[in-house]
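You will see two complexes here that share chain A, one where it goes with chain B and one where it goes with chain C.
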Partner chain A sequence: MTAEEDSPFRRQEGTSLRSNQNRSLILLYILPALLLMTSFIYYPLVQNFIYSFYRWSAFSSSKVFIAFDNYKRLFLDPVFYIAVKNNVLYALVSVLCQCGIGLIIAAALEEKFLRRYQGFFRTVYFIPAVISMTVIGLLWQLIYNPNIGIVNAMLDLLKLGRFAHEWLGDSNTAIYAIILVSQWQYTGYIMLLYLVAMQKIPAELYESARIDGAGPTRCFFSITIPQIKEMIVVCTVITIIGSFKLFDEIYVMTAGGPGRSTEVLATAMYRSGFRNDEMGYAAAFAVVLFLITFIFTLIQLKVSRTSEE
Partner chain B sequence: MQRTSVGTRLGRSLIWAGLCIYAAGIIYPFVWMFVSGFKTTSELFNNTWAPPAHWNFQNYVDAWNQGVGRYFMNSVIVTLSTVVLTIFISAAAAFAMSRFEFRGKKLMLVFVVGGLMLSPEVSVISLYKLLQDMKIYNTYLSLIIPYTAFRVPFTIFLLRSYFLSLPREVEESAYIDGCGTFRVFWSIVLPMSKPIIATASLLTAMAAWNEFMFGLVFIESDKLRTIPVGLMNLRGAFSTNWAVLLAGLSISASTMIVFFLLFQKKLIRGLTEGSVKG
Partner chain C sequence: MKSSTRFLAFAPVLALAVLGMTACGRKSDSGASANGSSGPVEIKFLHKWPQPVNMAYFEGVVKAFETANPNIKIKMEAVADEPIKDKLRVLMGSDSQPDIYFSWSGEFAKKFVSSSNAFDLTEALNADPGWKDSIMKAGLEPFTFNNKNYGIPLRINGKFFVYNKTLFAKYKLSEPQTWDQFMSTCETLKKNGVVPIAFGNITPWAACHYLTGLNQKWVPQEVREKDYDPKNGEFTDPGYIKALQYFKNLNDKGYFNKGVNSTEHNMMVETFAQGKQAMMYVELEEFQDVNTKMAGKPWGFFPLPSIENAPGNQKFLTGAPDGFMVSAKTKHPQEAIAFLKFLTNKENSAKLVSTLGWPSPVIGAVNSSNAPDFLVKGMEAIQKAEGMALWLDTDINIKISDIYLPDLQELLNGKKTPQQIMKEVQDAARQVASETK
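For the complex of A and B:
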């Protein structure tokens, strides 16, 4: 590029484009990102819709168009309903625990008498969220293990030995045992998001409330919650989205078992696609997953946009 | 007035106790994991609470030699490549989107936001087919490329808002001195954005290092597996030798804990700016 092209006189028109040559240059800057997103995010998404109308397998070239048959089968499949039920259960508990208890803990850590120790608690509570789910899942599998694990040993110690149990091996308790692990892992993460939001609340609000004689509980309900309500909504929505995308936790700890009792949408999709080699049917699961997460993401975008304004 | 009442004191003690129990509930499982990695298998069965009789590193050595070492290197390769690609591709796009007017700029923004909204789980079936057709299935590229693609939208977003907040004077005078756009991008905008690039790199690294589903589906041979998937194999291989598995878990967890403690501030800043759960 020559100096002439970039002469200050042309630049009077603004930092915008100065010549045709530049126009193609601009394209060069965005082209890699554009290509990558088109071919590895958008194209697979469209392909997935198309695939869901076919019967096909990964290792043969024959593809049979069967219109809505995959979807008909899906809505008659009992596993689909187990999966949806588990995803919903997961979302409910996670919202209550992570978004509810997380909020209370964050508020407690913001109290004056705890401020000095906030850094320590914040760090400790947050650590599980940075470790990969495989490590957490395998660790908890051993913690729940009836022979070497510490859950049953702890119950023994508290003279509650009669409640000792094969937590992940019983189809009545397995899903709750897994849900508990996720709460253990992510409550600290949501708490941190709340803390960041709380620290933006002007301190004068609390001071004048205190002068008016309001106690900590009153301040929590009348100042803290109204001031961070956008963050509460955002946290709730991302927790719900996370609960529907759930895969790693289940796959690592029970792989959907015992029986199919802990199956969720993503593990059912994985099983159809990569265990039973019914790729079309798996694609139908993926479409359902897409629709659910898409709706909640739209809500999230809407909320974060209104809070920016 | 200043005296705290008995009720307040009691309330505070209860809060303290609750917070400490919660903290112990986080810390203890990790301590148990690290300590158990030093035990023999029979000790694991018999002395749940006692420390090991001999602190030997053999389990850690075995875990490293029998897979963890290789998985670790694979993860390093995949993660570093993903970070470098993601940062350059995103920074270039964010630079153009924050500095120039061009047709389709709005559309590009919609495209990026759309990419942010789509979760990788949904595309795993069709991506599998696509990677097979491209003949890169079961290579490092089958992870590096999709990881990069799914990190680019968020990273563009993060960098673009930072670029928009930078003062323009230096760039303006550089243009007057005859610099081209690439010079300005490379020698002015990028160096000025070091803090946000560091944050973006850390977030990308964490996501790539911990990713599980793609690693499970797009890699077939054990030689190429990344740590999260490799540990699953280790479980299979040591189905009775829990202590070695625990040692393997400890190695993997301590990497992330050290990483987090070192870069805590930057990571938290990025995570809260994005409000996107990993």
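For the complex of A and C:
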């Protein structure tokens, strides 16, 4: 582990303290964190796996062992596929929009003529990311409202009234309407991460490129992107993991409706566990959700490690 | 030197450990005093009205009770309408159940009974006939299972159409008694450019309240009772499809406002009050709110009109009591019951009516001296009804309602037909029946 190699204990080796004493000291130091992690993360995780093999409800003590029946049912449940489809859709749009457009905005703000106003734009784009999701959800519910909402009113004003629509109420458009809200909210956040990475790029690289006759587009593709490659990958992975953990946006804006059209894995899990009292089935949802996010977390860890080296 | 550095290294760990121990110690101390014989008995009380106005009422009652009973301490907690559904389910699985908890009547309460989480209150009620007889039968009955009573109603609610009297007078309309009259009322309004009914269904309980009444009117009583029982639900009666068609028809004919599936119910109360729509289907407990928002403009109300030749009892009313149950795990059932008795005595019930405008099932609590006219009349309508159709989503098994309710949005969107919906409901009912047997 890189952390161990860098630790002060390692450097002190052979001087005053002996290494096996150090080891017990190190263990002692990580013990509180380890205990907390074990009891609040790892133990429930394992328990969740076990629970997914039972049929039980939260307030009855009897658990019936049904082996893989919850999983069989899960893979036959049309709601599961709607949820996966919505999560994937959300991830795709978010990666394109937040990581793509965020990158373009960041690069534009780093340009010389805009740099003077960067503080202003940075703040404006970042503000949505610090507002509570519940507030944003209710706000956008009003914006989309077909009777008093601003979206349809704007369309009317632009003589595009034929496109006016019941955005959140139609099962064909509801999920896209929700996805759009998240892009509005988080593009600024990702942009800020890019900006931080870009500001670490030495200015000499751009100067010498410019002397060699490279234009801004060439600089962007040949200097900016390769220099912040790791940040791009990290942002992408964060966005994908976030997309699979998605819950509040859906819960606040449509609660999975109309029908089941905006259900995602987390809301479907919540619904089966806390509404329908099928804790075992909810646990099966949780296992699938865990596996997906776990795979992406591994990728993220691997990528961030390569960047350290 | 060496040992002192070692000690320094250990110090934070030690500090943490000591801190943890003292924290634990303190916790067990307070626990002992709460349950100890010398100190006051603590009763945990969970309800669903955290809004400041409502909390003030409950705080007042709790304070008065504690003054009268210094050996009992009420620890009150309130969670809003939606989250309490989840919170109750989670709490029931734990050992930290509240001694007194809110519950809707019907199937919602029955689940707590069948999982042995509810304390049998029959004895307590029989021991105090004065208390028992002070509560309407329609309030106690939906909390009764196998002839045993498990809940004390706090409110009794009915569903009515409120209407804008100015608009009705303008187009020479009167309160419709039958469904045909209702439809022609809607048609007249629509022709004159007025949206007949305000309806917000982003959370589909709103549609479910329409269907509660329509199912009751279209399906013979004994068939419906059998179907709503999770053990033998079939939902094959053609009345269920009729009910869905009647509901869909209101939407297809354009009698609702635009965008029903993306609008909040509360928002529609506002627009109804502004006179943008002529009618709205609301609960008796919302009358106060409607009255405030109407700001002096005249309004009236009528129940869901009867349907000619439909096999259900046409004199039923949609609505239900809600109230409190006592945990079967409580260590102090007598104290909990004493508090419930206090909460539902005539004085506090009358105060509930006068301060919050809520319909109380305590006989005589709603009267012309303490309640506005609309509430008195609403209570009269409830008392006159031959029975109550309990809210569909709390009256059938949750797994069936989990299919039924979202499908009502799809029905309005034209994505699913009544036949398709009933097919799905039947499948869900079959699965539930096989699991409960």
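FYI, the second predicted complex is superposed on the first by the 274 of 309 C-alpha atoms of A that agree within 3 Å, B and C clash if a C-alpha of one lies under 4 Å from a C-alpha of the other, contacts with A are read in each partner's own complex, and residues count from 1 in each chain.
Convention: a residue touches a chain if its C-beta (ideal position, glycine included) is under 8 Å from a C-beta of that chain, and two chains touch if they have at least 3 such contacts.
Since we're looking at a predicted model, the values are computed, not measured.
Kindly classify A:189 by the partners it touches after superposition: chain B alone (first), chain C alone (second), both, or neither?
The first partner, chain B, only.
Based on the superposed arrangement, let me know which partner A:170 touches: chain B (first), chain C (second), both, or neither?
second
Given the touch rule stated above, what does A:58 touch, chain B (first), chain C (second), both, or neither?
both
Between chain B and chain C, whom does A:160 touch in the aligned arrangement: first, second, both, or neither?
Neither partner.
Which holds for A:274: it touches chain B only (first), chain C only (second), both, or neither?
Both partners.
Look at A:25 in the shared chain and tell me whether it touches chain B only, chain C only, both, or neither; answer first, second, both or neither.
Both partners.
Mind telling me which of the two, chain B or chain C, contacts the most residues of chain A?
Of chain B and chain C, B contacts more residues of chain A.
Can A:147 be said to touch chain B (first), chain C (second), both, or neither?
Once the two structures are laid over each other on A, A:147 reaches both partners.
After superposition on the shared chain, which partner residues are touched by A:295: those of chain B (first), chain C (second), both, or neither?
A:295 sits against neither chain B nor chain C.
List the residues of chain A that touch chain B in one complex and chain C in the other.
Dual-contact residues (chain A): 16, 25, 29, 32, 58, 145, 147-148, 274.
Residues of chain A touching chain B in their complex?
Residues 1-3, 6, 8, 11, 14-17, 22-23, 25-27, 29-30, 32-34, 36-37, 39-45, 47-48, 51, 58, 105, 108-109, 111, 113-114, 120-121, 123-135, 138-140, 142-143, 145, 147-148, 150, 153, 184, 186, 188-189, 192-193, 196, 234-235, 238-239, 241-242, 245, 247-248, 251-252, 266, 269-270, 273-274, 279, 282-283, 286, 289-290, 293-294, 297-298, 301, 304 of chain A touch chain B in their complex.
Taking the touch rule as given, give the residues of chain B at its contact with chain A in the complex, in rising order.
12, 15-16, 18-19, 22-23, 25-30, 32-33, 36, 44-45, 48-49, 88-90, 92-93, 95-97, 99-102, 108, 111-115, 117-119, 121-130, 132, 145-146, 148-150, 152-153, 156, 168, 175-176, 178-182, 185, 206, 209-210, 212-213, 216-217, 227-229, 231-232, 235, 242, 245-246, 249, 252-253, 256-257, 259-261, 264, 267-268, 271-272, 275-278
Note which residues of chain C are touching chain A in the complex, please.
Per the stated touch rule, the residues are 2, 9-10, 13, 16, 85-86, 89-93, 111-112, 115, 117, 202-204, 257-264, 267, 271, 398-399, 402, 406-407, 409-410, 412-413, 415-416.
Which part of chain A faces chain C closely enough to touch in the complex?
Chain A reaches chain C through residues 16, 25, 28-29, 31-32, 57-60, 141, 144-148, 166-171, 174, 254-260, 271, 274-278.
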